[in-house]
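Each in structure tokens, the structures are laid out below.
Paired with chain B in one complex and with chain C in the other, chain A is shared by the two complexes that follow.
Now for the complex of A and B:
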């Protein structure tokens, strides 16, 4: 039974990471589903969320488990501004142009943070970090557990917001048909701006929750950017519940790869998985692709 | 020959060939080397991204495979044979990448090319016994004296070759097929263009050129590490150059490289760490205000400059009244 406990531990760790991945991917899936935009700035949004939470912790001494709310609000505003100032002025058909545009936004954000805060790595330092819950041979890190719980709550809140509110219905209507939605009285630019804001806020909140358990440097978002593409494609582009499921699966797969093959191969497995999904089922494994 | 773009290109290359006679400053030559290296890469990308409209964000893979091909294969063979090996390896990679990604469209294609390039990069990082991993690996010199001058000339000749290939493609049946695919892939397919094969050929050409450029770059610096030659930043740069200059135009990638690489060098010297910020702002401005690129916009604005290829299929049927009779009559209402 020697193999069982490491395996269980890895699966549990994977689920804890997976919930954060899910939140990141849901934000991206929302933006992709409603606007057909592949948001290359998503990782940068996450990074901004982490830095916002960190600044509030370092200078205002606010616990990151409250600070992430501020990060979410800030990113919501940034997302709205990026949409209204930039994305809106590029025709939807010019997919590659929007990719370049968001890449530009990402470069600008990362370099601004680099100039302001420097390239140093930072890590939070507070009492909770060392705490572990032990159950037999399995131990769970307390900050990871709290981040997991909040991420889960946020993910459900996002899901219900999109599925059950009038606003969410309007957003989904645009996803279904961007031409007839405005004919039904939907203010398409306002809904898209808010959607973009919410997508960015999801990344920002995930960043705030990631801060206590991860380390911080200006290019941290890059890694999560590529992963969120994978999750969104796996989940069926535009399906937020699919993206959430893909996030959990990815977390577990990565954790198991790290356990058996070593940490450096986890990302390789990610991309091989990505290519396999794209070649055999580009419409996604979980959930169907929304028209 | 009424192709102003070819003439302007020829003029640029003539100047480039004369420059070393007057300038012997190695730093300056290296800057221009870089400029032409990226012009080559932009021209290579243009075959796939510009004419065929398949916007790849994974061209660093071909560049890096060319670079690593030279580094690794030259342990057992002469460097020139090793370059050939790198080119073959890069083309094999192109077949694999193309066979998967060309079945996808729009953003999916883009993401697939990124994923492949990242897999190549991570493999180079994770196999320290073969590639030296993150530490890097030495690369042999191609030229006995290893002077900047020989690299400079090699690079300009490579750019001329890439430019000639682009010029040929723009006016060949193959090129018309590519442009037909860019305009409407389904229609191209329905009139009998073997889209899968044509796209793959364009990627093979593109990969081969990129691989030679990669080998040249690696050999100049005598040492390579995975991230700069295989990273996504390089892929982005390769795709932005022709977009800035005008994707799908002959001169676009060259002009894009002249503008962007000069700007990059100047920014690096003036703004130091802020140069990426300026670079990002430049990208955003191009997307917002110059979506057709510099050459593309000029071509539209100035009629005399118009070297735009004729509509996709105008070259195939013979002109004249035969055209008239082939037109299908519209069904008349009763």
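Now for the complex of A and C:
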């Protein structure tokens, strides 16, 4: 049974990482699903969430496991502002314009952070980081566990918000038909602004939860930009539950690849999976392409 | 549309002013520019910053003494953002636009390897302060000169140290999948096997991942007596912290310097207490026996309130060497190249400087161990300032003793 513990451990590690991936991808999927916008600023939003949490920790001594809430609120505001100030003025059909626009937002965010905080990287250092729970041969790192639990809660909250509330229904109506939704009395710009805000907030919260177990520097978001796009496509282009599932799958696959083939293959397997899904099941692993 | 017209006028005015100032600068001719490429932003910014401070100290000393032949030195920095393609852009910009006669840089092996063909084609000498991958020197270029010891020296020093301190028989190599990591892996793999060690596991990894636990678990499964790691700072920190999580307990954590040898690593900005007991190859320490080391350490401390790692000193010495080579002729790259070749400085804080036919400066690599969050030289014996502690206590023992 020598293989069992490493296998279990790798699966658990993968799920812990995967939950964070899932939360990041859900934010992007929500924006894509409702507005058909590929938000290339998503990584930058994640980075801003990390910086917000870090600033609060460094100067206000607030534990990042509370600080992430402030990061989420801040990113919600930023997301709304980006929508109201920029995105809504670009016609939806101009996909290329939207890509350039969000890329621009990303560049401005990264460079602003670079100007304000410098290029230096930062890492949190607090006692909890060294805490590990050990059960026999399995060990789990406490901050990873807490981040996982909160990410899971946030993901469920997001899911219920979109699927069960009036607002969520309105957002889904826009996703289905942006032309007839306003005829049903939906204030399309208000709903889209809030949706964009929530999508950004999900990235911000994920950033805050990632911070304790990772490190940050202005360009850190680009590591997650492509990956979250990959999860959105794998999950079925805009289905948030699909993106969440894709995040978990990716986390576990990366961890297992790393265990059996070596870490250098993890990204390769990610993209092979991506190409396979696109070729054989372009509607995503869940197949329930919404809108 | 009047406001727009006036805005255009202002832009034109500003631009022409900028051009004018630019011309003036060139015409005055009281300064001479040296090109510097390093990583001021991006994931290797910690090292670029160390470089920058080292250059700043050297620049101040040189200009305080009146510069070269009455001309003040000016550094023309190009930030490669820790990316090789940007480093190549840097050479193009520095040579074609700014007409610098010599370039120092870059920081990483990856970026430096990328610019070697470019400086060779443009026929501008390149002084390499910190890039350790040996394939940089195997390009056969006549325009490159390296101050630091290379990946082969790193492996050799580490193996010499291990052989004389407990002589472990099995080794695992964990390295970042870049030019720097691969070069150190190649050197270590070949030399360890030749030395009769059994390389039981080799792990390449993708840099900047949040999770290396599965990788470390693979290493644990092979149960090596010693581990040799080649990583930059951010990953070095993650690797050490997660080694504790997966409870990986080799008798020796050795490393190819870099992330394990920079001043931040044993502090709270890096791995902190998790850095204790790790060995790393080092090119220099503030306590080094070479004249001027202490003075450099003092100046660096005054500037930054921290003690320097060898990366800063290598930048400092590189600028001194460049200026030395420019004393006879400071505009012709070919003449400067010939001067670098002829250089023979008996003593710098980095030891004597003299390049062989391939452009490599002979520099010994030391082995240090972090004890109580301080770097201590433990090898070779004539430079050692502390006894190595081995085997490394297990993570459980360290927890029990309150060391974590």
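Basically, the second predicted complex is superposed on the first by the 290 of 291 C-alpha atoms of A that agree within 3 Å, B and C clash if a C-alpha of one lies under 4 Å from a C-alpha of the other, contacts with A are read in each partner's own complex, and residues count from 1 in each chain.
Everything below uses one rule, namely that contacts are C-beta pairs under 8 Å (C-beta built on N, C-alpha and C of every residue); 3 or more make two chains touch, one makes a residue touch a chain.
All of these numbers come straight from a predicted model, not from anything done at the bench.
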item: Chain B versus chain C as contact partner of A:210, first or second or both or neither; value: second
item: Contacts of A:115 with chain B and chain C, given as first, second, both or neither; value: first
item: Touching partner for A:104 - first (chain B), second (chain C), both, neither; value: first
item: First (chain B), second (chain C), both or neither touched by A:10; value: second
item: First, second, both or neither for A:139, with chain B first and chain C second; value: second
item: Touched partner set for A:264, first chain B, second chain C, both or neither; value: both
item: Which of chain B and chain C A:275 touches, first, second, both or neither; value: first
item: First, second, both or neither for A:229, with chain B first and chain C second; value: first
item: Which of chain B and chain C A:163 touches, first, second, both or neither; value: neither
item: Touching both chain B and chain C, residues of chain A; value: 114, 264, 267
item: Residue numbers on chain B that touch chain A, as the complex places them; value: 55, 57, 100-101, 103-104, 106-108, 110-112, 114-116, 118-119, 122-123, 125-126, 232, 236, 239-240, 243, 273-274, 276-277, 279-284, 286-288, 291
item: Chain A contact footprint on chain C (complex, rising order); value: 40-43, 45-46, 48-49, 81, 177, 203-206, 208-215, 217-218, 221, 233-234, 237-238, 241-242, 244-247, 268-270, 272, 274, 404
item: Residue ranges of chain A in contact with chain B within the complex; value: 36, 38, 86, 89-90, 94-101, 103-108, 110-112, 114-115, 222, 226, 229-230, 233, 237, 264-265, 267-268, 271-272, 274-275, 278-279, 282
item: Chain A residues touching chain C - in the complex, by the definition given at the top; value: 6, 9-10, 13, 17, 114, 119-123, 125, 129-130, 132, 134, 139-141, 210, 213-215, 217-219, 223, 254-256, 258-259, 262-264, 266-267
